[in-house]
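Right after this note come the structures.
Consider the two complexes below, in which chain A is the common component and chain B and chain C are the respective partners.
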Partner chain A sequence: MRLKSVVIVIAIVTLLTGCWDHREISEITVVVGMAVDKGDDDKFTLTIEGINAKELSDKTASGFAPSVVFSLKGDTLAELSQKMNIGISKNLIFSHMKVLVIGESVLREGILDFIDFLERNREIRDDFNIVTARHVKAADILKVTFLVQKSSSLKLHTQLNSFVESWGGDPDIRLNDFIQAYTSAGKRGVLAALTINGDPKKGGSVDNMKKGAPDAMVVVDSMAILKKDKLLDFLPLKDTRNYLWLINKLEKTVVTVECSKNKFLGVRIFNTVTKSKGSLVKGRAIINLKIRAEAYLDSTQCKDDDLTQIKTFKKFGKLTDKQIKKDLETTIKKLQQNYEADIFGFGEILFRQDYNNFKRIEKQWDEYFKEAIVNVDVNVKIRRSGIRTKSPFSEKK
Partner chain B sequence: MAPSRPNRRLLKKPIKIEDKLRNTEKKVEEKKESFDLTVETLPSEVINAFGNSADIKMIEGIISERNVKILFLESMVDSTSLKETTSKFLSSISPIGEYLKNIDELSAYCKGIFGGASYKIVSSKDESIHEIINGSVVIVVEHIDKALAVNIMNGEKRSVAEPTSQTVIRGPKDAFIESISTNVSLIRRRIRNKNLRFEQYTIGEDTQTTVYLGFFKGIANEAIIQEVRNRLKKIKVSAIFESGNIEELIADKTFTLFPLALNTERPDTVAANLMEGKMVILIDGTPFALIVPAVFVNFFESPEDYYQSFFLGSFLRMIRYLSFMIALLTPSIYVGVLTYHHELLPTTLLLSVIAQREGIPFPAVVEVLVMEITFEILREAGVRMPRVVGQMVSIVGALVIGQAAAEAGIISNIMIIIVSITAIANFVSPIYSFATASRLLRFLLIFFAAILGLYGVLLVLVAMVAHLAALRSFGVPYLAPIAPFIIEDQKDVFVRFPFWNMKKRPKYIRSESEQKVFSASPPSPSSMKGGNTS
Partner chain C sequence: MKIEKENISLSQLLTLLINFLLGSAIVVGVGGDAKNDAWLAILLGGLIGIGIITFFHFFIYRFPDKNMFQVFEFCIGRKITIVCTLIYIVYYLYISSRVIRDFGELMATAILPNSPIEMMSLTFCLLMGYILYLGIEVLARTSEIFTPYLFGFFLLLAIFLFASGSLEFKQLQPILGEGVMPVIKTAFTELAFFPYGEMIAFSVIYASLTNKKYSLRVSIVGVGTATLILSVSAILMIVSLGADSVARSNFPLLSTARLVSIGNFIERLDALVVFIIMLGVFIKGSLFFYAGLKGLEYIFKLPYRYFAIPISMIISLFSILVSVDFADHIQEGIKMVPYYLHFPFQVVLPLILFLLVMWKQRKIKSKRKGEQDGTEQTKSSFIKETNKN
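Then we have the complex of A and B:
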């Protein structure tokens, strides 16, 4: 009898849980992108990009728009995201969201109000890129079609990932990164900033997708730096790479180094590691950064230098060290003096390595950051010179 | 119960006959002397006992003024041997009339002329009937109160051919046939050892089917042998035709999808299993032998694993485990993911699936069920159908059902991939009967995936494993040597170790003698100095 009741309870508990989140795949629209702008009277305008999957497959495509972009105004994203059927036919699923674009105006006022929704929602995952739109409305970013991925969000996701891998132009910020930066005392957040090259209106048409040189294109413009959840300013792209380098997230990049007057080297950096040490000495933060990198020579305009000699490589290596050191220090100085915003997480280094001292000055870290002494030590080893030793033009004799 | 258990059934039979004999004797005693076996009465009594069946025949002859009658079932005897036998008794040079005055002389004479062939002196009507049924001719001679039964059962059997359901590329190509004596000889030829024993049972009250229990004395566990004997003896049914009948009657549990005895038509598989300490049950009239005890992992072993390089053997074995999972899970995971867990698919795959399913009128579960059941129908048709129209089904099945359904937009292309991979993976199982488990459980899994998603799939799997863990085959835990985990036996479970390394017989069979490889040094280059190793 007891066994029977146990079996019944188990059966009820396990079997009566079903079906509530049942959604047939032909009854859903996949949301790949989300954009948040300021509403006119309301707090937000939420724009979503829902994929028209038929257009993305070569077999079924018939040349129509690859996605539906639809906007609604309201005060909470939670309500708006479930109200989209005002205009859209199928149920929306958010689990495959690739990009979140935050409008510049919203970012200036603070974005905390809707980040909570993104973090709390059970469908939304932490694997989409968070970016901001500069000069244009965030909604427009989602509308621009592209030749290859067709949908703007899918294109952006691929584009940003490739950019990180090849050059280091996207800080690669996910939800977690943003929240960590927000909650940490010793770190400020950043975001990649996108803009549209060309006419945003033309960019939304299917014709834009058919052109090799599109009327409008979404490009990575710069890097937005934040103070808590509010926009501070935009920094040029070069600083993005330096930022990644300093926080040891850079995968590969190319640096241009002047080897003699108006002649340049292209040095492809790979295998780079940044080690950071920090401490507070006599009320001043001292950060020592040690960058070790390997590189190969990708191009040289100084054809007089003999690449069969080791000393040439050493010389080029020294030049590269100097160039990188200069670049990094410029970026650090800019942030120290102009913005007092520690986006590099130097405060976190101190938090880990000199906890007791840091704890005392935690509240005034911004001022301490301004005064911090940052030593950058760069050592790049140039290993190879591509698949050629001597320049093809130096052999003409 | 008397201690002479082994052949209870065999012992019982004669007792019965004796009883009857006694009864008849009593009747006969009243009429005549103590004999019921005379050339006048026996033939008519036997013919009456067979109800004058069309195939009971009698040859009469008179040699030296003595009546000789030969009784036999035309359908059971070999006509050439019949001619020979009758000629020996009825020809003019037959010695019967001259000096065979009593049964001793007759049997001495028979010893001479039949040599090795089996003959028997019978002394009652029932005995003669028994012999006639088993393909003997019964010869009665006037003035001799016993009859002679000479077994000349016809050899109507096909020759040993290649296995049809358990084929290998490398390895012996012979398979069992319907004749039990041939099957025994196929095994005996592989194990030439006096310790290979066969015990005979007659099972089926009406069919009187011969069943052999074979084991290797000294390797097989005595307790398990005794258990098998007991279970065989307990069988009391009217008819036995196939090993499947026996399997259901002796299995520890019949309410399970998993086979608890391994059936095989390969003598080499039987021989190898006997040497591991298992038992074989051979049934007359079927080419499929049963190997007991059989555990879960045995159904993933093919004899070829041991004939090929152990790398390939191990690889193929893992492929089989993988295909079992594929056959079991693919359709249900498809249903679960498509209706509940869209987030599990990579975006591009999800989009491509959505694009394919655009315009499909059915929910995923209906689509899967329709296709799976269609496939089962095709498969059953393919097995039952006359060979001549066999090709039709493959054409109709593949082209019409598959391609046309997808083109008509009733089912999606990805569904065809799912059904095909499921079907193909299902055929990988080396033992056909094991595939039924994944074949049927699949539908349960689809059902649960449809109402509970992957959570439901997991629930069924948990229940399945619990069920497997509760099963036993002749006392051996079905999941052994995985649960209970036996580390020594792992050399022959998911991978196969090289022979020189597998020194012991599997522990879970509880063999009487564990050592299998006596000299266990791995092969290494010759230590001889010199030679051409410059």
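Then we have the complex of A and C:
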């Protein structure tokens, strides 16, 4: 009886090991970045950046390259991602990917169907930034080393997230946002566009991260706008912030406001909400946007306005309102007239708030968007003015 | 051979009901046809579910100590009942293996892609067999012990999702954009059978209940709670993934959990969802299994424990053989099972049985004018029950 139970226990132990897919940490390379370019003969070129963990730790770093960047050509990312051992020694782990760079060529051709792989794969998660590369190959973006975070992808991830928090310069697109923009009838996609300042060839070397002013640096350049999967154009960074503002995703920013000729205010917006209402009236879309924000004054060059007075706060508030309204309207107008691309999701607002009417015009939404009346109502309340009252240059005593 | 009486308490019944309804419904997501309004459809389905459980109640409590098969015998005699029971056993065991397969597919797709699904199914079924070998009481206690964790994990998931800022409540709009028809249609054609109609498996459980006085009330609370959880989970899916993504997800709740990321620190919470799903699937699979075993017990007049381990192996085998691939499995679940299995077994046969019972009892009643017999007690206790409820 005793023997029997021992045998049973051993048998069960062998059944319950559950280590079919174990991978030791020493046997893997963590992929932090992925870049997709157009292949020459094949459909895609996939480039991955796998980190060399030893170099990322201060204690063990010995001055070698922080990551290995490797490219392969093929027709499916699924196959390519498992074939990387052509050049790379260890098994690749994709679950910690931080950045996906889509090449300009891919966007121009509109071959975005590889996105399906990223969504379907169980290992890849929806927490990486999606960006595009302008003027340079996507693969080159991954190669540029950087002083502080060494690996390009890790740097970009932090950089983009900080940029969203401080100024709102990255549309902060994740996989789910990207796909939602594609599937929605009333919304077009956007992507942050990066480029390399300097010589991409020099950027790949370890020497690049030894310099305080590197030979090559990846910078946020602009915002790409898409229509379905085709690239339309790139918009300047200022429009990125306005875009974020209009879709109520802006966290913080600083607005420069002209207060008198060639004199400017710096107004830091720290709390802003955009409420949007939409309906179709007589065959025309009407969108009402109500922006409420709190701000504090970060700098003033108008030295004669006394910041101890209520009326100065009011005046500056009004000026800020006007400036923001103008900026936002310019961006909207540009998108309506030059591109007919509704990146702000106005169509989606109609879809949610005026479903039955929108359903009828869903197919021609682009034309309706062009004709849409967008009312922007901005109200910024300047709450405080830093730790000084008057400007030191003030002549009033 | 004497068949022993087992006892289940009201709180155990409550947790069994909740886990049973969550079961595979939360794995594959229900009410998807209603898109944004899936949660409304589920709420409506919950009302239907309450109706169904009330109906079963009145029906089963005409004979408080008999399970469904014994009621059959009362109406149509043992020989025909054996045939009916056999069909029911096949139905129960088939659904049980489908439930196990649901879970196996989830594990094989998302959690343990390199482990053979056969192994997961086998170990899962061994556990089910062992627990039912120990009796329904043990299953009930298991469910009672683990249910608080389910609530805890579900709450955690909701909080984490909220905290990581992935919820956009405007995605619930437009509410009833296409009118009420899709909601009603989903509730009545889909949700009424799955998961609510499947509560027919409980017809073999109520006989073991010790406190019958409050059982209807507790059952309604159970169905209501499960409905709320299902509805809230549907809302969570829609507001985090968007209706379109939910429709394209094989396991929407799992996809939802993958979105959680708080400060690059609290993330990869798949395990919470897998726990919720595993508990539900385990209880649901076991209850169908138990219902099938009870049928065998009725036919062979042997305690059901004798069959527990062998039948669990059959379930394990059929959970693999039931379909060749995932599409086959889902297709079968949507196109075939509701019409060819759920409808006859959940609606037609119980209704016929109900009418037979009414007819039979009336006959006995008219016959009894003047003479007393054994059914008096049954009848009076039934009246007592209904008055109290």
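Keep in mind that, in the parts below, the second predicted complex is superposed on the first by the 376 of 397 C-alpha atoms of A that agree within 3 Å, B and C clash if a C-alpha of one lies under 4 Å from a C-alpha of the other, contacts with A are read in each partner's own complex, and residues count from 1 in each chain.
Note that in this section a residue touches a chain if its C-beta (ideal position, glycine included) is under 8 Å from a C-beta of that chain, and two chains touch if they have at least 3 such contacts.
From a predicted model like this one, the values you see are computed outputs, not experimental measurements.
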Exercise for the section: Superpose on chain A as described above, then tell me if chain B and chain C fit or clash. Expected result: fit
Exercise for the section: Would you sort A:V148 into first (chain B), second (chain C), both or neither based on which partner it touches? Expected result: neither
Exercise for the section: Could you tell me if A:A53 is touching chain B, chain C, both of them or neither one (first, second, both, neither)? Expected result: first
Handout entry: Larger contact residue set on chain A - chain B or chain C
Key = B
Practice task
Considering only touches as defined above, state whether A:I179 meets chain B (first), chain C (second), both or neither.
Solution key: second
Handout entry: Touching partner for A:Q353 - first (chain B), second (chain C), both, neither
Key = second
Problem - First (chain B), second (chain C), both or neither touched by A:D127 - result: second
Exercise for the section: Angle at the Cα centre of chain A spanned by the Cα centres of chain C and chain B: state it in steps of 10 degrees. Expected result: 50
Practice task
Would you sort A:S26 into first (chain B), second (chain C), both or neither based on which partner it touches?
Solution key: first
Exercise for the section: Kindly classify A:I387 by the partners it touches after superposition: chain B alone (first), chain C alone (second), both, or neither? Expected result: neither
Practice task
Look at the superposition and give the distance in whole angstrom between the closest pair of CA atoms, one from chain B and one from chain C.
Solution key: 5
Exercise for the section: Report, in rising order, the residues of chain A that make contact with chain B in one complex and with chain C in the other. Expected result: 15, 18, 21, 125
Exercise for the section: Write out the stretch or stretches of chain C touching chain A in their complex. Expected result: 109-110, 112-116, 119, 122-123, 170, 173-174, 177-178, 241-242, 244-245, 258-259, 261, 267-268
Handout entry: chain B - residues contacting chain A, complex
Key = 338-340, 342-343, 347, 350-360, 363-364, 451-453, 455-456, 459
Fill in the blank from the handout: Listed in rising order, the residues of chain A that touch chain B in the complex are 14-15, 17-19, 21-26, 28, 30, 32, 51, 53-54, 56-57, 59-60, 93, 95-96, 98, 123, 125, 154
Handout entry: In the complex with chain C, residue positions of chain A that touch it
Key = 15-16, 18, 20-21, 122, 125-127, 176, 179-180, 183-184, 351-353, 355-356, 359
